[in-house]
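Two complexes follow with chain A in common, the first pairing it with chain B and the second with chain C.
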Partner chain A sequence: MTATATTPRVPADSRGPRASRVGRVTGSPVLRLVVKRLLMAIPIMLGVTVLTFWVLSLIPGNAAQQLLGPEATPEDIALLEQQLGLDKPGVVRYLEWLQGAVTGDLGQSIVSRQPVSEILSQRLPVTGEIVLLAFVVSLVLAIPVALLAAHKPDGVMDRISMVVSTLGLSVANYVLALLLVLVFAVTLGWLPAIGFVPLEDGLWPNLRSMILPSAAIGLPLFCFYTRFLRGDLVDQMQQEEYVTTARAKGVGSWSVLIKHAFRNSSFGLITIVGLNLGALIGGTVIIEQIFALPGIGQMLLQAINTRDFVVVQAAVVIFALVAVLANLIVDLLYAVLDPRIRYGSS
Partner chain B sequence: MSKRTATYASGDSGVSEGVIDPVSLGKPSRASAAQPGEPLLVVEDLRVQFTRGGRKINAVNGLSYELTPGSMMAIIGESGSGKSVSSRALMGLLPPTAKITGSVRFEGRELIGMPERDMRALRGGDIAMVFQDPARSLNPTMKIGAQITEAVKLHSDLDKKGAHARAVELLKLVRLPAAERRFHEYPHQLSGGMRQRVMIAIALAGEPRLLIADEATTALDVTTQAQIMELLVELQQRLGMAVIMISHDLGLAASYAQDVVVMYAGRAVEHAPTGTLFANVRMPYTHALLGAIPALDREPHSLFEVTPGQPPDLSALPKGCPFRPRCPNATDKCLDDPPLTEHEPEHWWACWHPVGSGLGNDPGPRAGTGPLDPAVAADDPGLADGPDEAAGPGRHHTPNGEQR
Partner chain C sequence: MAVVEPAPSFSLGPEIDQAEAKAGGRGRGRWRNNLGTWIPAGLILFVLVACFLGPTLLSLPSPVGGNILESNQPALSPGHILGTDPNGNDILSRLLNGGRSSLWIAVAVNLIGLAIGGTLGALSGYVGGIADTIIMRLLDVLIAFPSLVLTLAVAQALGPSMTNTIFALAFFSIPAFARVARSAVLRLREMPFMAAAQLSGTTARRMLFKHLAPNIAPQLITFGMLGMGIVIIIEGALSFLGLGIPDPAPSWGNMVATGQLSLSATPMLVVWPSVALLVTVLAFNLLGENLRARWSGR
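Moving on to the complex of A and B:
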């Protein structure tokens, strides 16, 4: 045990009184946290679905009217409403939907009669891929840039990153999307302007169709993460005494930044990434519209327009679930990274 | 060197001789660059200036002192007297915005303006530092073992296994109970005193010849404070290193240090061996500091004597002696900066009218009526130059750093 135990992730001496870190994560306190959070998700789900249902019922028009168009006679509409079950009171319709949903049956689209689970299985991967790419790219770029900027505050790199990130933060992502299309699709012709190529048609064609939408979402994120992380790193470097200790040991300035300050700054970064994730899934609505991507956001927009409440509910449930899971993952990551946090022990 | 390293292994059980081969530490020869009898550290006219919001703050103003190898010296002063800043300046730990001038020679090598690369080898190697708050000065996300091994690896050629063994050995040296187990714990699992022991272990990793303890016991309770101080004294004697203890606690200095430097407004105002200093305080500021220590034999319900006034604003220092506005002995003569002079053998002070010079309200400057009493201001020129002449050919630090 002697030499290997100096690296943080390696399990500590099993004879020791403290459980190793790996043991903490898989052990029961963590399981308790997971179960607690998932149970907490139930009232959240009920809340958002009730709210969504209520708001949808306030919007004039229903699916029958939308399907038949403005020329339809009231008799036709009434007939279709009856066929679709739209003539029942709202509470009954919600409870019927809920009954199916708790048994795993999200129902079928009122408009297309397609099962919702089938629609989701087509749409989720698209949105998932955009969001994942945007996050990975923004973080992979933001961390080194923030480290470079924080190494010499007010230095050249810091100033450049400051200008770029301020610019990136002040441009709305749909404006950025249009700019990207203009430059890389229209003028340069390097990348397709719209459309989605599934992964089955090859990795590269798929990635090509995803680069611009991911960039449109990821660039503002990159700017945000860079500013945040740079600020936190500089705070750690200038105010934290453990940084002085490390320097007094003779540790080089880069090592102090990466080994000591970054590790402590990563908690803050993880927090905002987790918060972002929940909000971002919903934020893809506009981007999917611009790039004509068949994702969840586009599905939601269409469903709202056709008053297809079953599909809207499904989208809302997915968004809420992602937000809950993102927060749960953040909390679990704290336990891995920060030794001071031990779930269930106090 | 062999003698020094040999003492590391002795007296500590559980460390096999084979693992801790002193030779394998891989440090270059520790033959001192300085001549025998030379001071380990010579600080001369050290000045540190910060610029904040357009104002220039003179945190250190011509500090001068010398440190004998293997001795323990205390630097005493109130908050803002520059004691911490000056020691961080000599280790190159101040932010780049700090303007540092003057000279600091460590074993004959000039530290001010030394390239960062050389400075880094020195930091944690020949010169190490322990800080005030052990709760904040250890990295909360790293196991203490990793934090010590990091320092060991930086200043030796030991491999992972050797560094681990050495780190455990250091933990035993600072008498951390259950060193092997603590090695795998995080700082938050340790008590304040144990954390400070870990800090000392880190500082010892590079076998320093100078250890700077910056208020190292201030954040600890009194019992732990005494234990840590005893440990520092023991290590100082056992390892033959010099220790500078920075403190605001005169009592602590009197108990442990061999020499005391009293700082005020960024400079040394009195410097003497501890016994000499406390038997024969000359600088009115030191006298006032001593008077501010509560004593058990004080008459109950009597008014506590405090030094009038405030420490000077470091961005607008008064002309002449910085203590002049608060000093009961001050005269017009004090508008001239008094140099730090060796008035008596080994006893340096920077004052025109020291305690006991028979001026104005002496003895007992604390009974003075206040700063710049008109009666006191009537200067006796004959007396004013007295102490300087009495010192004869004694050494002399002027604020400009020249010696004569």
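Moving on to the complex of A and C:
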């Protein structure tokens, strides 16, 4: 608190010369925020894994029964259960799993005996590519469309974007996926209906197999971002005093919109994007199923069907980790962008 | 901030004020912004009547157990306005009966979410302190949990049936409602009338039911409208994956899923349930958005 004594607290707007900047970083409320949020993530991750174990233990039947089929004798099943370690109580199995997971060892698949890390290294890139494509393209398209729409509220662009985004938000992604297949694969024959071409077979074939799945995920996302950003921009332009000030200074309308309003609206957009990332990954489950893509979602569905709990657990950990990390990054971006939060003056 | 600030006047929110100004008068403005509510509400009513009374009124054939000899009839064939599916079942009948279960599930899930999640969230926000922290951390776990994964696991654990689908989906409607209720209560707690009520010695029970509940109800109902759309879509996803409504019985999700198998030959099998899904969800979303715009001015 000596810093406060020597340099009196100044309003955020009239920030002092460079001298105090160093002090701010080392005093680092940002660092404290990171640590605090990371500590908060630990109980959430623990809760998620406990919940998964519990829910999975409710599913009737186990991997031993699934592997041996309906003809197996109870003795055979009991033997295999013992070999696979399935006869131990759930709490013990969870603690054993947790012990491995903490050291980065997610165990091996009960069904295929393949290490989970190996399975993940094959499947993560596929899901990652779809999500990244959908995410980047929708965001890149949403920003200019929202700006155009907000520039003239109730204008032609605004109305078109409103109708499109309302429709896009009401369509289920599996329905959209099938309609896209119906139009672009079945009727027009431009793109493959299903299947995945790895990147090693060339960039274009790979992208071709990814266009429809990414579009099915990205289109609703685009609508969501556009709609949110447009609404926030219009609110800023109509209600905020800084907009009136800028206009009175003679700043052009596009300039006010982009340099002033958009800057402020980007906070809201970042929050929405972060909150959405978890749901986005979850949404890939059904899309991967429709397009027969070998990603995490398909792995999860197969694992649930074969009662391969180790693999299910790994998928859930990945999904939850993405959600938690996305929220963490949002908080950090906030702190970086907004001085009020950085200095904890709220 | 010492500049003269205009007194906060009652406003219905920017969009509606604008619509009013544009319509050039209060009378027409009102009519216009009512239209935004009545059209989707009418659409919802239409879907409800069609799904719940339609099969009886139109004396449609049963949605299951069709005659295989009558399979794959085209639309407008005698007795089957939309034709029949590969099993010889009337498509219109399956569509309306399927919608009935989708709507039942959506209503049940949202009511459970509203009752349990709304109460938890409101209490959590009102009481504050450790109880609030514990409840919110527990809900954080549910929210960090990928909802589809949870519902898949629960549906798998309980086995596919209508009741189990409702339970599975309620798992994540509860935290969502709780969040909304909590943030609404937190905002209300700062209001002068709450302090006034507290100072005049109002009992906790009266505070909750007479002061808090009526004020957070609009937000929860609006959220419930949007929730209807979400639940209808996710129920469809579960049925699509074979974990929702068990097979011979129709649902929009499993109609889309079975139609997918013959997408190039008989695309209408996918198109009809898709249109039904889209129209219903759209109507709920429009109504929700409109109510939100109306109430956001408060």
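Keep in mind that, in the parts below, the second predicted complex is superposed on the first by the 314 of 346 C-alpha atoms of A that agree within 3 Å, B and C clash if a C-alpha of one lies under 4 Å from a C-alpha of the other, contacts with A are read in each partner's own complex, and residues count from 1 in each chain.
Note that a contact is a pair of C-beta atoms (placed from the backbone, for glycine too) under 8 Å apart; a residue touches a chain by one contact, two chains touch by 3 or more.
Predicted model only: the values in this text are computed from it and were never measured.
Colleague: Who touches more of chain A, chain B or chain C?
Modeller: Of the two chains, more chain A residues are contacted by C.
Colleague: Let me test your reading of the model: by the given contact rule, A:Leu56 touches which partner, first (chain B), second (chain C), both or neither?
Modeller: Second partner only, chain C.
Colleague: If we overlay the two complexes on their shared chain A, which of chain B and chain C does A:Gly252 touch? Say first, second, both or neither.
Modeller: So A:Gly252 only meets chain B here.
Colleague: Regarding the shared-chain residue A:Asn264, is it in contact with chain B (first), chain C (second), both, or neither?
Modeller: First partner only.
Colleague: What is the contact status of A:Val171 with respect to chain B (first) and chain C (second): first, second, both, or neither?
Modeller: Touch status of A:Val171: second partner only.
Colleague: Answer with first, second, both or neither: which of chain B and chain C does A:Gln238 touch in the superposed model?
Modeller: both
Colleague: With both complexes overlaid on chain A, does A:His151 touch chain B (first), chain C (second), both or neither?
Modeller: After superposing on A, A:His151 lies clear of both chain B and chain C.
Colleague: In the superposed arrangement, what residues of chain A touch both chain B and chain C?
Modeller: Residues common to the chain A contacts of chain C and of chain B are 238, listed in rising order.
Colleague: For the complex, give me every residue of chain A touching chain C.
Modeller: Its residues touching chain C are 43-45, 47-48, 51-52, 55-56, 58-60, 153-154, 166-167, 169-172, 174-175, 178-179, 181-182, 186, 234-235, 238-239, 278-279, 281-283, 285-286, 289-290, 300-301, 304, 312, 315-316, 319-320, 323-324.
Colleague: Per the contact definition, I'd like the list of chain C residues that touch chain A in the complex.
Modeller: Answer in residue numbers: 14, 18, 22, 137-138, 140-150, 152-154, 156-159, 229, 233, 236-237, 240-241, 253, 256, 260, 263-264, 267, 270-271, 274, 277-278, 281-282, 285-286, 289.
Colleague: Can you tell me which positions in chain B touch chain A when the two form their complex?
Modeller: 88, 91, 93, 95, 116, 120-125, 128-129, 131-133, 136-143, 145-146, 149-151, 154-155, 160-161, 163-165, 181, 183-186, 188-189, 199, 202-203, 205-206
Colleague: Applying the document's contact rule, which stretches of chain A touch chain B when the two form their complex?
Modeller: On the chain A side, the touching residues are 2-3, 5-8, 12-13, 16-18, 238, 240-242, 244-253, 259-260, 263-264, 337-340.
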